[in-house]
Structure formats: structure tokens, C-alpha cells
Amino acid sequence: MTEKGSAVEAEAIRRLLAEYGRLLDLRDAQGWAGLFLPEGEWIGGERYGAIRGHAALAEFVTREFSTTPPSVHIFGNMAITTEGERASAWSRWLLVEPDQSGLRIALAGQYRDELARTGEHWRFRRREVVVDLPLNA
Amino acid sequence: MTEKGSAVEAEAIRRLLAEYGRLLDLRDAQGWAGLFLPEGEWIGGERYGAIRGHAALAEFVTREFSTTPPSVHIFGNMAITTEGERASAWSRWLLVEPDQSGLRIALAGQYRDELARTGEHWRFRRREVVVDLPLNA
Amino acid sequence: MTEKGSAVEAEAIRRLLAEYGRLLDLRDAQGWAGLFLPEGEWIGGERYGAIRGHAALAEFVTREFSTTPPSVHIFGNMAITTEGERASAWSRWLLVEPDQSGLRIALAGQYRDELARTGEHWRFRRREVVVDLPLNA
């Protein structure tokens, strides 16, 4: 892959990162799990540990969001580095939820990603989710 | 257009999407309307319907923002797909406003865009604005 | 530089913009200052004036953040224009902090950047930080 090609790949990766949030906010557990490689991992720190593979990922999201309010995930600060069929990314996320008087930012954190291209599609090999605020979350 | 060119076009589209928010927060109704094609449409759901063409768009923004507090629109999660002189995009937005005790997120939603390039410039053919939160907004 | 190359450069600039927030939220004053050219400037309006050069920049961040709560800076709406070894950028930022009952947006504003490439790296020549909300901040 040429250096020029890397900008096209980064664009495709941005679409993947956006899709992660869109499907999560839709509670589309199967679609969301499908953004990972078959053996891909979602790593949620001490609280959640590592969730691996499509079936476990879909089950995890279904369970975790079964009792939560509707959400909007907004992402920014995307730093993407591609190298052939692999890439890494760092980005920021906010979770916005309704509360009694309007909307609130429930959580704020960062994603650390390892990505792989399989054929036409970029997928998560490993997404590590760090919650930065609130401190005791 | 080559696949490589699509990354350059996506960059130009990101500038357009940013300009939409910048001009809106400046209350520059004419400049903002000029980001649409002459027959371009802004679609605001049941509440606002479809606003079509530069004059109607500028009038709409002037009217809607005449009594609102100052705003900051922040955008993220931009998923852009280009195909020659056309493109589509999906993205997230938050509307931040002052309230009694500081700042609040007044609204959170998504944009669904159809874009077209005319000469040097990308413009909105159709921007659909969906409010996701609060649920009853 | 070809037009195609500009998308690769924009990608590198997005990594720089993300790194600015990441290092700031880590309170890594030296690393953060190193994102500027040796004579690079951070311009903070009437309140802060212009801070110039690595030593002054690092000292500034160390001092300003010595008594502040932990932060998450989230960035969006990045509009990047490259021209060879120079570039300009406009973007939006929110500063998220903990408060008594959860998280709040403490400040919201815009960045206006002039950037330069030195060898492999893009650096800030001049970053102007504008606070838009709250109005009296």
C-alpha cells in the first residue's frame, strides 16, 4: 500500500469508528458485534474485563444496555495510523444521556484500538475502552 | 475520480461540515444558506419539515435563532462516502448553550447528508437533521 | 506536494490535534509544549496573551493546571487546509470536568491554527484559543 492509500484507509476506519457509536445507540447488538473480527476483543478494564468474539460481544451489549436510558455517543480527536492491512487509533468519547432536567454527560473517556482490514472491510481486532471521568466510574 | 482522490474530497467535505456549524454559531444566515445547492434542502422532521433553496434557508435560520441563546455546535463521528461528484455523510452533533449555572447540552442528534460537488465546492443537496435526545424534543 | 498528498498530510495534522488534547489531559507539560515549533505561539486572548517557545509553554501549562480538576478535552469540526509544508486549521473544543453531581462542560470554544511541517512532523506555529461559552469566561 502506498502512503497515499493510507488516507483512503483512514477514511474507511473513520466510518468504522462512527458505525460503532451509531449501532450502539440503536442497541443493534448483532450489527455492533459484527464490527469486530470473529476473534476480536472489547476490553473494559477492571470493571468489565475482556469480551471476545461475536456471540459474547453481542450478548454483552444486550445485557449491559437492557436497563440503561437512551444514549448518544459522540466521538472526536481521532488519531489514526495505518500500516498496510493493520492500523491503530486513539480517540475520545462522551456518553450523553437524558436526566431529570435535560441532558448530561454520563461518562467521558478514550478508545485505544487495533484494527485490521479483511477484504473490503476494516474491523476491530481489539478495542480498549478507558473511562476517564468521573474518576470513580 | 480515483480512489485516492476520494480522501481529498472527504477532506473538503469535512471542511463543509465544519463551516455549517461555524456559520450557524455566528448567526451568518446568508453564509450558512450558501453552503447548500441553490435547490438544496434542510429537512427537520415533523417539527420543521423541509426548507428548500437559499432564500428560504436564510430566512429560516434568521427566524429560528432570533430568540435563542448563543450556541456552540460540536460535531463528531463523521462517516463520509464519496463517489465521484456525489457523496453521502452521517455524523453526530451536540448543541451546547449557556444556562443559569454554566453550560448545558440542549440537544443531541445526527445528520444524514447528501452532498454534491459543483466545480471547486462541495455543497449540501439534502441535510436531514434528527434530534435523538431529549426524547421529546 | 500533490493534491493527493494533502489528504495524507491532513491525517498527520489530525494526529497532532488529538495529541494536543491527550497530553493536556495527562498534564504532560513537556510533551505538550513539544507539539509547537521551538518559536511556536499559543494565543489565549485578553486573559492569557501570547505564550511563546517551549520553555514558556511548558511552564504555562504546569502553572495553569496545577489547581484545576481532571479534564477531558474533546475536539470536533476539524477543517484542515494544507499547502505544501504549511497548513491552517479551524476546530471546535469542549472542556469537560467533574462537578458535584457528575460531569459538566466547563468551557466551549474554537481553535484557529497555523501549522508547519518540519521533516516528518507537523507542529503548531500558532494556535489561537477562543472561548465562546460561557460568554463571560
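Letters A, B and C mark the chains in the order given here, with residues in each chain numbered from 1 onward.
Quick note on the criterion: a contact is a pair of C-beta atoms (placed from the backbone, for glycine too) under 8 Å apart; a residue touches a chain by one contact, two chains touch by 3 or more.
This is a predicted model, so every value here is computed, not measured.
Annotation, chain A versus chain C: rotation angle of 120 degrees from the Cα superposition, expressed as a multiple of 5.
At the chain A-chain B interface, residue numbers used by both copies make up under half of all numbers present, so the two copies contact each other through mostly different positions. Centre-to-centre, using mean CA coordinates, chain A is 24 Å away from chain B.
Multi-chain contact residues of chain A (touching two or more other chains) are listed as 4, 7-8, 10, 74, 76, 104-105.
Contact residues on chain A toward chain C in their complex (touch as defined above): 3-4, 6-8, 10, 74, 76-81, 90-92, 94, 104-110, 132-135. By the touch criterion given at the top, residues 4-5, 7-8, 10-11, 14-15, 17-19, 21-22, 25, 70, 72-76, 96-98, 102-105 of chain B touch chain C in their complex.
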